[in-house]
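Below, chain A partners chain B and then partners chain C, in two separate complexes.
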Partner chain A sequence: MKRILPLIVGGLSALTVLAAVFLPGQGSSVLTVLLNWVIVLAAITFLVAVASLALTHLRFIITGKKGFLLSLTLLFSFAVTLVFGFLRGVEDPVFLKWIGAVVRPIESALLGLVALVMMSAALKIFRERGWSALTVSFGVSAVVFLVLGLGFLQNLNLPVLNGVIRFVEGLPMIGARGLLIGIAIGLLMMAFRVIFGMEGPGND
Partner chain B sequence: MTDDHPVVHLCPVCGKENLPMNTRCVHCGAEMESLFTFDGLPSTPLEDDEHSLPDIIEDIRNDPALRTPAEPDEEAASPTEEGLTAQGAGIDSSPEWLSKVRQRARGEEDAVGGLVSGINAMDALRSEEGSAGLEGEFTAWISRIREQNQQENSSRFRQQQNEVEEPGEVPEWLQRIRALRLPTYDGNTQESESKKTYPNGVPQEWTDEALMELRRQALAEEGAEESEELPQDVASGEEEEPATALGSDDFSDAPEPESEHSEEPFHNIPEDEKSAEVNHPDATVDEYLTASAEQAQAGAHELPETEEMSMPEALPEEQAAESQGETQSVTPEPSEKTADAEVDSAETLAADDSEAQESTKPDDAPELEQPRDSSSVLPDLLLLRDQQNRANLLASLIEQEGREIAGRQPSKQLSGKGGRIAVALLLIIGLVVSMLIGHDAPTVSLPMSVPAGALNARVSSLTKADQVLVVLDYQAAASRELETLAAPVLKTMRAQGAELIFLTAQPSGLFLGQSLLEKAGLSADTKIEYLPGSYLSLIGWAMNPAAPADLNPTLANSQLAKHSLSSFGLILLISDSSENVRGWLEQIAPWQASSTFAAVTTQMEAPVLAPYFDSGQLVGYAFALADGSPGAAAAFSFRAYRVGLLLMLAMLVLSAIAKADADAVRREEERAK
Partner chain C sequence: MSLSDLIVMILGVALTIMVFSYILGDRLFFGIATHILIGVSAGFLTLVTIQKVILPLLVAPLSSPAAPGFLLALVPMTLSILLILMLFRRGVQAGAIPLALLSGVLAALAIIGVTRGTLAPQLLSIFSRFDPAQLIQEAEPQWSSLFEAMMILLGVISVLFVFHHQGKTKTGGVVRPVFLEGIGSIGQIFIGITFGALFVGLFSTALIALINSLSDIITFLKLWF
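Then we have the complex of A and B:
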């Protein structure tokens, strides 16, 4: 029963949403109610997640676990933001400016690290993976698009070369289309599995 | 196993060795009298024996008690002699009676059928009359002996032929023994080999004399070793004293099984002999059998003298020693023994063990009892040597663990941290230097992409009556790229007089939007609406034609209060996630038939949006550096951008070159190996 009940609820919900989608007139009100339920549940889970995060790091501080200073920093930042938010509101320009001044450089630095990791991976890809169709095709395509990104070839303004460049730049769309088709088929199969009770919380 | 030891015949004139099939001596040309001698039979001329055979057969025939009907008798004799004829095809000198029998067999129309019928008749007579079976048994016994001896002679002849063809080739049994020797014993082996008087250090055949000589040497060495103190250092590679349980009695007893083995060819038909001895009532036959047995034993004892007995008898002992070595415990072994003596002692041990296993007398237990001291346990000379070598190696490895070994040290594996730091420094220095030099706007305006051109066309077509919903859906990391691309678009919209309403479903969009408004030259008072609930709220807003204020009371004072989603002519999605754009296009757009969608996204996510532009779900999107206005492009440090791309390109090429070089080195090493 513990396993069957979620399957039944999931299947019925899926069938209900599916019916509401195909019946816009009568189904929109049902969908609105369902969406509101989902929003409330999502908000509650968000609060639970925030509380769990705070308690976990508080436990780290109390037990003196290694790296508890980071936990202390996290809780301090969380408390300051919470207090500021309650006092000044989430749309206060000063509050937003301070938040932006902290978040923007940190996330930009993380994105810069991604570039560094990409370069390191480029240096090791052939050494680690050897020569294979995948690595060679990856290396060749990366070199081609890096050269195109430099813009030197475009500056030549050769009509034939520009045509070739446009053709090459259109190649990624082929892969993207295949990727999207695969995603759609996968979602469809997952939906059928949920509807027919083949997929549920107890099934891994 | 008999193939390993050939038989040679000595010339009676010059005394030199000849092949067994030689009719004349290859050295002096003298007639060889010992032609086609059989093992177990006397080396005297065969005429004597074969002259005696007709006499015996004649006696049997003349004996009225053994007389049988003439026809079966003749037919009974023929198959035996036929078999002898067939088996002794290589014998040139046949006795007279045998020739007569052969002539009679040839004269019959169906000789084979007669033989078979004769055998059947003989069997019937044997079952009915015991005396009648004596002749058949006798002839079968003779034929078996001759057949076996002929097979041995032929096999020895083949073996000798092989040795004549390859005189320098080492016998197989010697190769096995040498393979079992350890490199550490080479010196001792060479020393012992130098003492030997045999050619090549090892006797070609293990005669009794050679074996006894080796046993005497082993006993002498063992006696000398027992008087010495046992070495105890195992790690130094020195080995301990040999087993003391191997006494001289063991060695003295060893020849007995060999002599028994040498008589094996004459006892491998015990039933025939026994039955012959028991059932032969005739004294003539008994005398013949007794004489034949004595002659066979005499011949067997003469075989070693003619160098016909050698390792065939020793190899089974070697196998027994191997099996013994597999079952014995690991024990140290002497280092002073030579390899040949060790082989000899191993053979003797195997023989003794086989005897001990056969005998169940408790008196044998003290002799075979293993000593409690591990240093005096019987050594195994075949497998335990390898085991002890491995044990010594393991002990030396354990002893040397942690010590620095002179010579080539294993190269330490470089961790990836150094390489990453080098790459990071290279990237940072390149970017910083390129930015310090100054901004480098593209000298030539890069061509705008087709989706960006479509977006520009759609934005240019906006009027003052149009309402545009600008959705901010990106994180701070991508804000620089997206704001640079979106700001010119917003300026154009503002210039067209369209009403812009900003909306975000993420809290980060509130402070990120401020930067965008600043870059787009919009008033700082422009409000950015925050819609809680993320896309779920947007989907609900899209499904419900009512104004959001009716759905969410918190939006009563917002700009969205009086607008439904379908009232916007253009919805511009500024997003760093193709997933979010797909969510808008797949979940919300179907509910808004009157709205058009456009996007500004990062270059990394752009390829995923290409199919939506191709299908018309997106009227256009901007993604590349060139898709912005020249002013926006000027905000970039184009030099730094190119430096980053060049560094990435250099890393890829370096990776390929390094891999190719490593492969070349590896192939060279493999070739060298």
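Then we have the complex of A and C:
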């Protein structure tokens, strides 16, 4: 029973949504109600996840686990944001200014750090995986697109060269299209597995 | 420059240096900066979730019992309580039903989104390349268009074969037929080209962010020296 009830709920809700979408007119009100419920449930799930995060770090502080200073920092910044936000409101310009003052430099610096990490990772890929069709085409493509990104070749304005550049610029779309279709098929399979109860919360 | 602007600037530079301390092998200051980011982001998202979703969609209908949405709001409230029970060790199983509803609806939405938004447009875009109106113009075959269409078809099929891992097992290992290996290698070239182009795009963006962060530090230093 523990497994069957979630399976029935999951399958029925999925079938209801599919029926409401593929039979327009009759199911739109049902779909609206169901989507509202799901939005509320997704929000509550997020809040439960945040509460779980806070409780875990609180436990780290109480037990004095190694790195509890970081947990203290996290909880302090979380509490200050929450209290400040409740007092002034989420759309208050002063509140948003201070949130931006903290978040923007960290995100920008982290993205800057990504540039350095990516550079070392790109070099590491040849050391780790050796010379293969994938690594060679990756390296050549990176160099070619780095040169094309400079815009120097485009400025020469040679009709033949422009044709070649247009052809080369279209090449990544072929691989991207294949990857997109592959991901879509995988996602479709996963969705059917969830609906038929082969994956999901009822399946331990 | 006002006092608050100055404080914002000092805070920004301090946090930037804390993140960049990772390059020197420091973990403490980098950890503090990332944990501040996690704490502030979690706090802000919690506030937005409460004010924009929970209050209007759950609390408002429940606060007026005479309203038509009251009975409908009882369902998400009950399911929400079951979800909250998951925070306690004994109530973990209670969350199975709301999570099943959530995953069922999301799976159905994924099927609709993937078929209508990705699979159909991508497949139609490939097949439209073989439209006779495009391939033959003024009774003359357009060889470049045909070459392009064939290349796209070959590229997409070969990329899909890269992830085909079924094969005969021989002494424990998976051996794929030779033609699959060949098509897979062509697919790897196309994936490499795509990843190379993506890498350059991401790398350029990250480099701009790095320059921006460094220029902020230089601007700050110029204020004092």
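Rule of thumb we're sticking to: the second predicted complex is superposed on the first by the 193 of 204 C-alpha atoms of A that agree within 3 Å, B and C clash if a C-alpha of one lies under 4 Å from a C-alpha of the other, contacts with A are read in each partner's own complex, and residues count from 1 in each chain.
Operating definition for what follows: a residue touches a chain if its C-beta (ideal position, glycine included) is under 8 Å from a C-beta of that chain, and two chains touch if they have at least 3 such contacts.
For clarity, every value in this text was computed on a predicted model and none was experimentally measured.
Asker: Go through the superposed model and pick first if A:162 touches only chain B, second if only chain C, both, or neither.
Answerer: first
Asker: Report for A:62: first if it touches chain B alone, second if chain C alone, otherwise both or neither.
Answerer: In the superposition, A:62 contacts neither chain B nor chain C.
Asker: Is A:133 contacted by the first partner chain B, the second partner chain C, both or neither?
Answerer: A:133 sits against chain C, while chain B stays out of touch.
Asker: Mind working out whether A:4 is in touch with chain B, chain C, both or neither, as first, second, both or neither?
Answerer: A:4 sits against neither chain B nor chain C.
Asker: Is A:188 contacted by the first partner chain B, the second partner chain C, both or neither?
Answerer: second
Asker: With both complexes superposed on chain A, which partner does A:120 reach: first (chain B), second (chain C), both or neither?
Answerer: Touch partner of A:120: chain B, not chain C.
Asker: Who does A:23 touch here: chain B (first), chain C (second), both, or neither?
Answerer: neither
Asker: Between chain B and chain C, point out the one touching more chain A residues.
Answerer: Here the partner covering more residues of chain A is C.
Asker: According to the stated criteria, A:107 is in contact with first (chain B), second (chain C), both, or neither; which is it?
Answerer: both
Asker: Would you sort A:149 into first (chain B), second (chain C), both or neither based on which partner it touches?
Answerer: A:149 contacts both chain B and chain C.
Asker: Using the superposition on A, tell me which residues of chain A are in contact with chain B and, in the other complex, with chain C.
Answerer: 35-36, 38-39, 42-43, 90, 97, 99, 103-104, 106-108, 110-111, 115-116, 118-119, 122, 139, 142-143, 146, 149, 170, 172-173, 175-177, 179-180
Asker: Flag every residue of chain A that touches chain C in the complex, lowest number first.
Answerer: 2, 5-7, 9-18, 21, 33-48, 50-55, 67, 69-71, 73-82, 85-86, 89-90, 97-99, 101-116, 118-119, 122, 132-146, 149, 170-185, 187-188, 190-192, 194-195, 200-202
Asker: Under the stated contact criterion, what part of chain C meets chain A in this complex?
Answerer: Touch residues, chain C against chain A: 4, 8, 11-13, 15-16, 19-20, 22-23, 28, 31-54, 57-58, 72, 75-76, 79-80, 83-84, 86-87, 93, 95-112, 114-115, 118-119, 122-123, 125-126, 148, 151-152, 155-160, 163, 185-207, 209-214, 216.
Asker: Under the stated contact criterion, what part of chain A meets chain B in this complex?
Answerer: Residue list for chain A touching chain B: 24, 28, 31-32, 35-36, 38-39, 42-43, 90-91, 93, 96-97, 99-100, 103-104, 106-108, 110-111, 115-116, 118-120, 122-127, 130-131, 139, 142-143, 146-147, 149-151, 154-155, 157, 162, 169-170, 172-173, 175-177, 179-180.
Asker: Name, in rising order, each residue of chain B that touches chain A in their complex.
Answerer: On the chain B side, the touching residues are 416, 419-420, 423-424, 427, 442-444, 446-447, 449, 475-480, 507-508, 510-512, 514-515, 524, 530, 532-534, 536-537, 539-540, 543-544, 551, 582, 591, 607-611, 614, 626, 642, 644-649, 651-656, 658-659, 662-663.
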